[in-house]
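Before anything else, here's the structure in question.
Each chain gets a letter, A, B and C, in the order it is written, and its residues are counted from 1.
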Amino acid sequence: MRVGIVTFPGSLDDRDAARAVRYAGGQAVPLWHGDEDLSGVDAVVLPGGFSYGDYLRCGAIARFAPVMAAVVDRARAGMPVLGICNGFQILCEAHLLPGALMRNDRQTFVCRDQALTVANATTAWTSGYQEGQRIVVPLKSGEGGYVAPEATLDALEGEGRVVVRYAGSNPNGSLRDIAGITSENGRVVGLMPHPEHAIDALTGPGTDGLGFFSSVLASAVSA
Amino acid sequence: MSVIVEVMPKPEILDPQGQAVLNALHRLGFTEVRGVRQGKRFELDVDADVDPEVLRRVSDAAATLLANPVIEEHVVHTGESVHAKETDRA
Amino acid sequence: MTDSVSTAAQTPDVEQPWAELGLKADEYATIREHLGRRPTSCELAMYSVMWSEHCSYKSSKVHLRQFGEKAPQTDALLVGIGENAGVVDVGDGYAVTFKVESHNHPSYVEPHQGAATGVGGIVRDILAMGARPIGVMDPLRFGPLDAPDTRRVLPGVVAGVGSYGNCLGLPNIGGEVVFDPSYAGNPLVNALCVGVMKHDDIQSSGATGVGNLVVLYGAKTGGDGIGGVSVLASETFTDSGPTKRPSVQVGDPFTEKLLIECTLELFRDDVVVAIQDLGGAGLSCATSEMASGGTGGMQVALDKVPLRDSTLAPEEILMSESQERMMAIVEPAKIEAFMAVCERWDVLATVLGEVTDTGRLVVTWHGETVVDVPPRTVAHEGPVYSRPYHRPGWQDALQADEPTPQRLARPTSPTDLRDTVLRMAAAPNLADKEWVTEQYDRFVLGNTVLAQPEDSGVLRIDEQTGLGVALSTDCNGRYAKLDPYEGARLALAESYRNVAAVGARPLAVTNCLNFGSPEDPEVMWQFAEATRGLADACLELGVPVTGGNVSFYNQTGDTAILPTPVVGVLGVIDDVTRRTPQAFTTPGQVVYLLGETRDEFGGSEWAHEVHQHLGGRPPRCDLDAERALGEILIHASRDGLVDAAHDLSDGGLAQALVESCLRGNIGVRVWVPDGLDPFVFLFSESQARAVVAVPRSEEVRFTDMCTARRFPHQRIGVLDDGDPDTGPVIDVQGQFAVALEQLRELRTRRLPDAMA
């Protein structure tokens, strides 16, 4: 399965997302922000980093990159899209997901091995987990506080669209401890923690993150 | 003359930066300040005479790019650049 | 009216502000001799900044020579002292480049930007060697934790280091956070960067090839860092002109990220003949150094430099320290390809001139020649001072003031010992530093195997073979104050030990020498002793200095900082999966103390924290023992004989046990060896020691190895989960027990409480 990983100016974890795709058994395809063509990939990852230096607002400029028109189109048609950290911010700015990410309530960047619970194990990116499963995935961000109007939060909860929630202490003030959410069709997922950094116990807190990438490969088979 | 766009967090949005600034002001003795909200100001240098049409277009730009309507509000008006107020500029 | 060369030749008696620019009368006279006339104001600016202490190393050169003269023979060194950074062969065709630099004074003025631009500068140095930067480290030193100004400086510095490094996508794998009154008003912000490349990728900085183009690329040039040079600008201004010139440089990490990717692509496409980054003294430095190092001459049109501020005078453009800029030499046939890469990354690039063979650096401004100098006189033939130095009159009394039991009351009862353990564990220098390190990304690039608080940062270089490097930076300024010669040796010993502790073989050294004023003969003595000590120690241990940095004038009035020679050691590890981490994890494993413990408290953390005392001699430095210990730790790591290792340094054995137990969340039952006083056992800072956790299945092989090498080793404890009611404890048998939770609580709150 071909998984495209977009590089924007300032993207940082694109290489790591590619490695995660490879570890999971997929083929990682680099996509350039300036190209409108998605090279026939079956899924897309918007990786972490500081696209456009986080100028204006995180993801606010990347959202208008030429590649994003195709990503939005294909996402609406059902292609799985995963937004990690800055990628999540871009998905919200592009209105593929509701809400917004704001500065951490503690005002500082936080990098830590973060405990999460999987709240939805039916999305294209989390089908390999169990609902309620506790996983540890690195979080590293300065603008990770998820906010949305109360009505939106209620809808997300009511429709089971919260994908992962912070367990233990809330590291950034995200409302309802929301660490990641999904679109109505369960194909677009955005989360602040970095599953691509939890694929090898040698370089991370464990392998809990690999499931995100293996899930989407499995979903391609069944799609 | 520039077009000024001011972007502020919506009233219901928690503004921890504004809160941090308020705490700092109090520590410095400015105890009469009761609240602080922190936002952004954009100064647009426009290529034409500023008429209602231009202001409308800037407002569109503000809603699309300069502000995130999920969490921010904005106002658009004409005004002078902050720089123009310095008297020792040639 | 431009002060051109022809004007200067015709007006020899014009008064010039050489004194305001920091030059001495004899230096000004020398410049006139070099040129055969008075310098233009641009030339004067150039010489004044390039001949400043910061750029010319004029007070330190005579002492730094020792690093070359006493360099140990080694095949591993590919590029030695003198280039942007040293380059070391680590095997399999890989070369690693690393260096540490200071950005102290700017960080006192503007902590966030000072620290951020410090990181930016060292990263560009590594990039200019041809390497992809792969990690950073930050040794930081501040005034007392609870001092009001520390609340201003520390958070700003940490935010600066974090925001710049994180945005560049470089994992922060280690560093230090040290508090001492002498750093109040003079914080030390040292930044290290490490990069990796293949042997063939090593770049040079000499401008060679007559007719090759000189290209400036990166950010536009503004008035950053000009400060005092404006006195010149006002000479050539008439009525209009700016009144404000910022002294502080402001960095943009996003621009630098693009610069890194763009530059690496330029290297890959082989379109660069030579490259140099623009750091201190900006264009003055880059042009004069590149011209000196190559075919001998260069011609540059200064008015072609893209400006952020169109009111800048030529003197200011030459001095500007605007960040995120590089200079490249490019063959005319390859300039189109060069420009295409820059455009792809949206990086501004401008041809300024070309390489010549005239032996002169010529700079024009709108057609008029404003600089025409022999570049070597600017970049390499600056003044060299042999500053006077003498041992301070107070040194003997300081060394005689030994921390004996009569002088400093020691805890003897079990309760007192227990209280001391708790107090020490939460001391500012020993407390948990997570408040700082949590602000740094350690994961990006996916190759970080070990990061702070481990003894060394370990980065994997090759995913297939597992080849990796380890780095540590260390210095105990109190030891160095008691005895600068020994203190420098001890700094190397500690860094060497930290690299060996994770299982890596030490290969090379970088250093950042932070001292007070070189015009103070007592400070100069400290510097002379420290450099001599470091050079001698490097020779003894067989690890050469590959490059480094000197920062003088770290003092407020008459009070200099503790002499602080920060030493960074780089090591190589064949297979990173075999690295030895610090955490004790498995109940039943045996704890061994390696090395000899003596009653040594001079400059110790205990004396500092409990008695605010600094006196006596530092612990003995035995480099043979350090080498032997290193061999044991490396072999034990490679052969899987130990599960964990932690070196002993500040705070002694107690601190090492606290750290390793807390990190693995397991307790330990420890017994004091016969004949050793419990207080000495727990808190002495004798060197060449480490603790290891040995699986019982490996115990015999391990002790046999130590015995065969005749290295002291003592079984001092067993790891223990503790019982469900009390949780894990550190239980010093016959003395006291202290719960891990209590230690954790005290240690983790210290910094956040102070910064609230």
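By our rule, contacts are C-beta pairs under 8 Å (C-beta built on N, C-alpha and C of every residue); 3 or more make two chains touch, one makes a residue touch a chain.
This is a predicted model, so every value here is computed, not measured.
Counted by C-beta pairs in contact, the busier of A-C and A-B is A-C.
In this assembly, the chain whose C-alpha centre lies farthest from subunit C is B. Put simply, the C-alpha centre of subunit B and that of subunit C have 41 angstrom between them. With each centre defined as the average position of its C-alpha atoms, the distance from subunit A to subunit C rounds to 36 Å. Spacing of subunit A relative to subunit B, judged by their CA centroids, is 31 angstrom. Multi-chain contact residues of subunit C (touching two or more other chains): none found.
Listed in rising order, the residues of subunit A touching subunit C in the complex are 9-10, 12-13, 15-16, 19, 49-50, 52-55, 108-112, 138, 140, 142, 194, 196-197, 200, 202-204. Against subunit A, the residues of subunit B that register as touching in their complex are 12-14, 16-17, 20, 65-66, 68, 70-71. Partner subunit A is touched in their complex by these residues of subunit C: 159, 162-163, 166-167, 169, 252-255, 257-258, 345-346, 437-449, 460, 576-577. Across the complex, subunit B is touched by residues 56-57, 60, 64, 92-93, 98-100, 102-103, 105, 107, 147-149, 173 of subunit A.
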